[in-house]
Amino acid sequence: MEHRYRLLLSCPDRVGIVSMVSNFISSHGGSIADANQHSDPTTGWFFMRVEIFAESLPFSLERLREQFAPIAQSFQMEWQITDSARPKRVVLMASREAHCLADLLYRYHADELDCEIPCVISNHDALRSMVEWHEIPYYHVPVETADKQPHFDRVLQLVRDHEADVVVLARYMQILPEALCELYPHRIINIHHSFLPSFAGAKPYHQAHERGVKLIGATCHYVTQELDAGPIIDQEVTRISHRDMPEEMVRLGRDVEKTCLARGLRWHLEDRILVHGNKTVVFN
Amino acid sequence: MEHRYRLLLSCPDRVGIVSMVSNFISSHGGSIADANQHSDPTTGWFFMRVEIFAESLPFSLERLREQFAPIAQSFQMEWQITDSARPKRVVLMASREAHCLADLLYRYHADELDCEIPCVISNHDALRSMVEWHEIPYYHVPVETADKQPHFDRVLQLVRDHEADVVVLARYMQILPEALCELYPHRIINIHHSFLPSFAGAKPYHQAHERGVKLIGATCHYVTQELDAGPIIDQEVTRISHRDMPEEMVRLGRDVEKTCLARGLRWHLEDRILVHGNKTVVFN
Amino acid sequence: MEHRYRLLLSCPDRVGIVSMVSNFISSHGGSIADANQHSDPTTGWFFMRVEIFAESLPFSLERLREQFAPIAQSFQMEWQITDSARPKRVVLMASREAHCLADLLYRYHADELDCEIPCVISNHDALRSMVEWHEIPYYHVPVETADKQPHFDRVLQLVRDHEADVVVLARYMQILPEALCELYPHRIINIHHSFLPSFAGAKPYHQAHERGVKLIGATCHYVTQELDAGPIIDQEVTRISHRDMPEEMVRLGRDVEKTCLARGLRWHLEDRILVHGNKTVVFN
Amino acid sequence: MEHRYRLLLSCPDRVGIVSMVSNFISSHGGSIADANQHSDPTTGWFFMRVEIFAESLPFSLERLREQFAPIAQSFQMEWQITDSARPKRVVLMASREAHCLADLLYRYHADELDCEIPCVISNHDALRSMVEWHEIPYYHVPVETADKQPHFDRVLQLVRDHEADVVVLARYMQILPEALCELYPHRIINIHHSFLPSFAGAKPYHQAHERGVKLIGATCHYVTQELDAGPIIDQEVTRISHRDMPEEMVRLGRDVEKTCLARGLRWHLEDRILVHGNKTVVFN
């Protein structure tokens, strides 16, 4: 992958945004590698993503940001420019279940995920050897049921110490405190093992079995203060039948969960996701 | 399709059911065309479906039922034997939306649905010419918002007069009164335009758009007194994106709804569905 | 849908295309409703589609084309500008099988396909009443096995007389002569009842049964002189099992064929498809 | 999973097979856990799979086989009875690509695959540390392009020494010699990285890109002497677009390949697959 800058922006829709942005880029000799726009008629909001060949521009990322800032301001944009040469730092959190963590680590190993993984944090010690085989530090931070705050304090400290850009809850079975969620808006990604909004909360496969559904699913979403209600990034389902008891659904669900989480994380790492209100725009 | 008898049964699980049933059949020279069993460990219930080549048996359907009754009784079976040569009578109900009705009528026309359709009932007159082109009687039974009971009385009378085996709600947008539901247990099939239990009730596509889901779906289920909560026969989903506004979701949803309803009805017509509690066993 | 102009273009990739095009539009006050770009690194070719709100421009379609022509020339573009207010004219061709034709007519009736259907041409008379119920002229043009040319001459004349923009082969089972294909490049759409390139030629479901595949499919493609080898627009598959004999595969395949054809046609009608060499770029 | 015997049989179809088999089982007090039948009208062949609770029978596996042999003979059955308590021994073969091997090892680790893996054989040393982390012996058996026979001789010896029931080619990129294929009929499982019969042979993703298909796939099949032409166990596809260059297709294809191979192997381990001619019956 060549070196690219990625511009993500959203703002109230009006005439001339695309033209102003592409003009700005070409006036500096910049070459557009990829561009996407979306205009949402229900909210009147405009979304855009542009990838620019970094070499085609005569200045640095910082200078690019400076130059673009006045345009952004005049359109009241929420915006960011990232650099493909600076991979995001992803802290993974897990509990006892290995499938999502193993899958992400494998993909990382196979260069499918363009990121750095400075550490894995878990409330159990079960997955240590797998993680350490990948030469990634593993922090076992137990949870005391009586008082979970020390656990979360330590987690936050580790996340900060490792300068995480993103935190991925790879079947980390604890509910994060609101305060922690607020510190990382749209930067904590969770995989919920149901097709939300069906079966939010605990034991979704057992709920699904109880209801007798014919498809089960998983939902990759950003974590917000409201449990299982954050902006949905991706969803995936698989077919089941009357023969599938909850254990079988758990097994089949694992494949759906890991596929869905890996895809959502990949989109996040490639700066393909914009959030507006409680919904995502995914330029994929 | 050769002439076949279809035996459907369910009962508490115990040793020897399959053997007793297959023995009974072969002792009369009966040849099994197809057979399925399922034993549910969570409920301890056993389910079986057998198709027998009718010509291989030396007696009539009535005699077959008489002969089988003692076995059924000894195992406390819920059971039925149907005859593939006697197509079920399906009364279709619709409102103003054509897609499910048009799809079922086309499949009926193309011999994909082994049934008779004695009539179509609608609370609007909009779909009359399409139905009458198929030479099927069309009854327009308007609904008075102030008092819906006369509508339902007339519907029930028509369903009875046409000796319906099954009633299909092909996007008939009224909620059937409990009394009517109870008269036709597991014989009224509805298509709900969401992936239940998500978005039960009205305007599911708008609910789905509001929540920002990435897949939308449809659910084919038997109607019970509790709205949108009956045993699920089949479900289907399709992928959407941020570009899809509710109208687009309605359009994409139509294909999912009609596919799902047609499949569910087909299974019902072929006696492939057993209901136990609020769940279905589908031998397909 | 508001009134829009749709600009489709492709050309050798180089710096400044997006900027030049969006600049041209905004310099005339034009407002971009939707835009997509694609740059193919293997061919060095660039593709773009822009929808412009027609009311935002101060001149007519003809004037827009005139104004854009110099830009197009300077970039050596293949290009077209169409008007959403002028629906394409689609001539449908069928044989004896109803499913694709019935599906397209239903979608046309339900305003899912933004087009006009001036006539249906068939080498059989079987589908006349269905077509005429939709108040569309039906031409029965029989084929003589000994000499098919008179049939094709008459077909071409009808297609011309009805000023077709597109011809859709909705399971029209004849092979068009090369000369006819050449007259309508990328304007004749066929549905092939297999997942090409598997099972090209005749009786694909029987070939699929013979090989024992576990998925069957359909392919919507533009017709070229080489049989079943034109640019692929869309493909779709469905799962089958050992229980499915060829007749069952034909039935299941029908749903795949009609979905795939309708989707491909819809993309064509919305000017979402660009062809380069033997491949399509679909901006959907 | 309770202890079960699994009876697999196929024979010319005739009256009384199910009854004879189920009678035999129940006459010894045997309790049927699961049973499936299939009768193929095109070949006149009958297929059956029965799972029996082992504890319900008064004798051992050997005695069960002895007792059943006369019945099998009288119906000219091809048959086998296996014991769920004796997991199959699976020798995995790989080359340099990790994804299928890593996936199978992870599933093995997570108890999703009921088998033993006595060793992994590869013509490269690249995957050694991953395999050894799982505490499974790794044999690096290089291939000399000039003369591959010594490689295959060593492979066969290792497969024999480890008493393999099944050999899985998890992206092992060599073509096995005919003689070796014949020694393990329906016991060597391969994953081919295309939707066969499309793109058999080398570099299927490049072939697919060249042709411009819109779905790519993978095929899990038993290896026979004829390359890529053995009985198909399972197939899977995923959607691609014009944006996906061959490298992207390789990445997306990996997920399809590993899912498809794991599912096929699982069915084999659970004795769910019967082969007749060049086709499989899969009772899943």
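Letters are used for the chains, namely A, B, C and D, taken in the order the chains are written, and counting of residues starts over at 1 for each.
Everything below uses one rule, namely that a contact is a pair of C-beta atoms (placed from the backbone, for glycine too) under 8 Å apart; a residue touches a chain by one contact, two chains touch by 3 or more.
The model shown is predicted, which means the values in this text are computed figures rather than measured ones.
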| item | value |
| --- | --- |
| Set of chains adjacent to chain A and to chain B | C, D |
| Rotational angle, Cα trace of chain A fitted to chain C, multiple of 5° | 180 |
| Chain located farthest away, centre of chain C as origin (C-alpha) | D |
| Centre distance in Å when chain B and chain C are each reduced to the mean of their C-alpha atoms | 36 |
| Rounded Å distance between chain C and chain D, as computed from the means of their C-alpha atoms | 41 |
| For chain A, residues contacting two or more additional chains | 38 |
| Chain contact graph, described as a line, ring, star, complete graph or other shape | complete |
| Complex interface listing, chain D residues touching chain B | 15-16, 18-20, 22-23, 25-27, 29-39, 56 |
| Chain D residues touching chain A - in the complex, by the definition given at the top | 98-99, 102-103, 106, 109-110, 112, 129-130, 133, 251, 254-255, 259 |
| Interfacial residue positions of chain A with respect to chain B in the complex | 38, 40-42, 47, 195-199, 209, 211-215, 217, 231-237, 241-243, 245, 278-282 |
